[in-house]
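Common to both upcoming complexes is chain A, partnered first by chain B, then by chain C.
After this line comes the complex of A and B, so read on.
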């Protein structure tokens, strides 16, 4: 890795570090949540955007990571920083299981099966109330002693940047090409000598692992877990973020997650109407440019440059 | 010595419905073997079976005296067999170079060999060399077909399975494709060609098999096929 590539994340961290000083307590919290969504959206883009496996269970993996870590910490008194990777690993293991189950499924069938998986998981969470306290919600120990958003900002920023770096490496390596070849034409990928089974499983495991870890961090920040986090709305928000930002682009989910999360906070007073607005926005974006904000930028920017030079 | 030996294989897409019945063939090392036959005879099915897309119910396929039953396509590719399917099978959202690299990754780790393979392919196909940074979706039909072939050739396979290389191409490109196949054969690649274009198949191959209704109905040297060409067309392709 070149020096430039190593320095860029550090540079980004340094630039974004003073942000909470101006954003205030509440918007620092919003930023924290949006960093969580950046990891979620980007890891979902790995599986749906780059590999073409339209999984609708990503939010379930996040909740799985959160519950696993919280329960381990509560019952076995393990340190939180050990619980979080455990949550990630369990989510990854279930990702392997779900990936194997869905190996031969395509498009809508994969979507339906993964959706069924997450719904079953949600119901299991509500029903096993002795362990999870069901719909009452499980209060989770916080990562830091304080509930203030400020210190968490640095944790979530670091989490987002580290995860994005790893994903960037994956997408721009040999594996990234394998993933795209599977998305474009699975049979042709096989003809090219790509072990499609192995790499599909790999992507399922990796993206679930990211989701599990992000979910665990989120749980230990918010301090409360409930089956509501496995509601389909949660997945819908992820979808909206990735599609608005730009499916199949690296920057898309990042832009989408941050802008949608902030927009959603600004529109908070309108309640559920927000979802209708977002849905309309997604429809418009799909009509205008399928690559979302990134795609629009790619077509508009050169034109502006063109019109200013001539 | 035979490179690929197919012994009495029977297989099909669904249980109980066989497409191929007891097909046996021998592809000698360094040979150019052709398979002809009417639509639905099982020619493409045979190639898919060799390459591991279909598992066979009965019989055995040997590649360099090793059984390749139950191997996945990617494992078969590693053994040195490449398969050029009908039509175009590029990855449209990747550049030409990335498409070629994907073909070269069967020998990952060996960067030197990868680079040499890439250069060799650029040498043979100047058309795609000049467009190496274009997305594959912007290539013309002929260029795209050439890319499909080139990305299989990059791994310098020992055996090349070619399915209908002339389908849907302009005559000028068709002759280019055949010329290329001849050249790689001269360069030492063993070729197994499936073609509906009987004249071209007979012209290029040394030995031919004719498939009808899933079994071999005729086999012999291209000389013999040339002599019997009229009868063959009358009897089997038009229907007696």
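After this line comes the complex of A and C, so read on.
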């Protein structure tokens, strides 16, 4: 990594660290959640944007990470900081399983299968009342003594920055070439020597792992888990964030996650109507530029190169 | 017709009783072919005679229904396509396949950095140099930072062909209709690149084409396919006079 790429995250941390001093308790909480969504959106973009595997199970992996960690902490009294990686690992393992099932599937079939997977997971959570307390929700031990947003801000900021650095590394390594070649033409990638099976599995596992870890942090912050988090709405929000910001771009999901989460708070009084607004916004953006806000930025600032850089 | 490097009569590829059926249809039917090292072999035959299916079988896109394929004496017909690439087999597609949302240069780097090339990605800078040289060679260098989807049809064909040249080792290059839909200037560039790679690097080619003038200039030997079988083999002049070949083309 170049000096610039190493300094950039430190720079971002330095800029963003003082923000809660001005944002107040409530908006600090909104920022915490938006950092969670940054990790979710960016990791979904790895699989859907870069690799072209339109999985609709990403929210399920987050819930899986949350439930796994919470249940381990509650029943086996393990430290939360150990529970969280366990949640990530289990989500990664299921990512491997789901990725293997979907190896030969194209577009719509992969979407349907992964959606069916999340629905089954949601129903299982709902029905395993003894273990998960079903729709009543599972109250989850908090990572810190307090429920105040302020200290969590630094946890989520760090989480987002670390995850993004790892993803940046992946996308800008040779693996990035494999991912994008698979997205553009899997058969051609295969005959060009890319082990498509191996790399599709890799991306399924990696993105699920990120989702599982983010989901676990989220659960130990909010203090409550419920099957509602595996509602399709939750997946739809991720889709909206990534598409608005820019599918297949690195900055897109980051911009999309933060702006949609904040917008969604500003429009809170409109309730479910927000989803309609967002849907309309997605349609308009797709018509203007398929690469979302980042794509529009590129046409405005043509200096910005295509290639991998953004 | 120039004689080829390493033309010592050694066999590089052999298909033995190769058969591929799709449901009731037999696209390739008991095909036995021998390709010599350093040869530029033409494959001709009317539409639907199984030429593309043969390329798909050799490159591993399709699994053979029966029969066997040997590369340098080693059986390869059960290997995955990417493994065959690592053994030195590369191909182009009749309907060109490039990575449309990657730049021209990035398209070249996919095979160079792929699993088939071991740890060659560690020499990134040299590989990029090589890729750029190849792009100059096929006159696409000025497009290196453009997305592949912005290229013209002929340029896409050129890119598809140039991309394969970066693979190392490169033993056998399968080209499916490399001259289809390209203008005469690009056709010339493609022919030159084939001749040069054959002469300088000893690459063996199998070229499927309907373009008889190009086949005549490039290929010492052609195999004629009809209904999945090989019905004739020899120089283009020889096979053109065989009644079965004339029947196949006229009778369909």
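Assume the second predicted complex is superposed on the first by the 300 of 310 C-alpha atoms of A that agree within 3 Å, B and C clash if a C-alpha of one lies under 4 Å from a C-alpha of the other, contacts with A are read in each partner's own complex, and residues count from 1 in each chain.
The rule we apply is simple: contacts are C-beta pairs under 8 Å (C-beta built on N, C-alpha and C of every residue); 3 or more make two chains touch, one makes a residue touch a chain.
Keep in mind the model is a prediction, meaning the values are calculated, not measured.
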Chain B and chain C placed together on chain A: clash or fit? clash
Quiz item: In the superposed arrangement, does A:131 touch chain B (first), chain C (second), both or neither?
Solution: neither
Counting residues of chain A touched by each of chain B and chain C, the higher count belongs to C
Item to complete: Determine, under the contact definition given at the top, whether A:184 touches first (chain B), second (chain C), both, or neither.
Response: both
Dual-contact residues of chain A, meaning touching chain B and chain C, are 174, 177-178, 180-181, 184-185, 187-197, 248
Touching chain C in the complex, chain A uses residues 174, 177-178, 180-181, 183-185, 187-198, 248, 305-308
Chain C contacts chain A in the complex at 59-61, 80-82, 85-86, 90-91, 93, 97-103, 106, 109-111, 113-117, 121, 145, 147, 163, 167
Touching chain A in the complex, chain B uses residues 51, 53, 72-74, 77-78, 83, 85, 89-94, 98, 101-103, 105-106, 108, 151-152, 155
So, in the complex, the side of chain A touching chain B is made of residues 174, 177-178, 180-181, 184-185, 187-197, 248
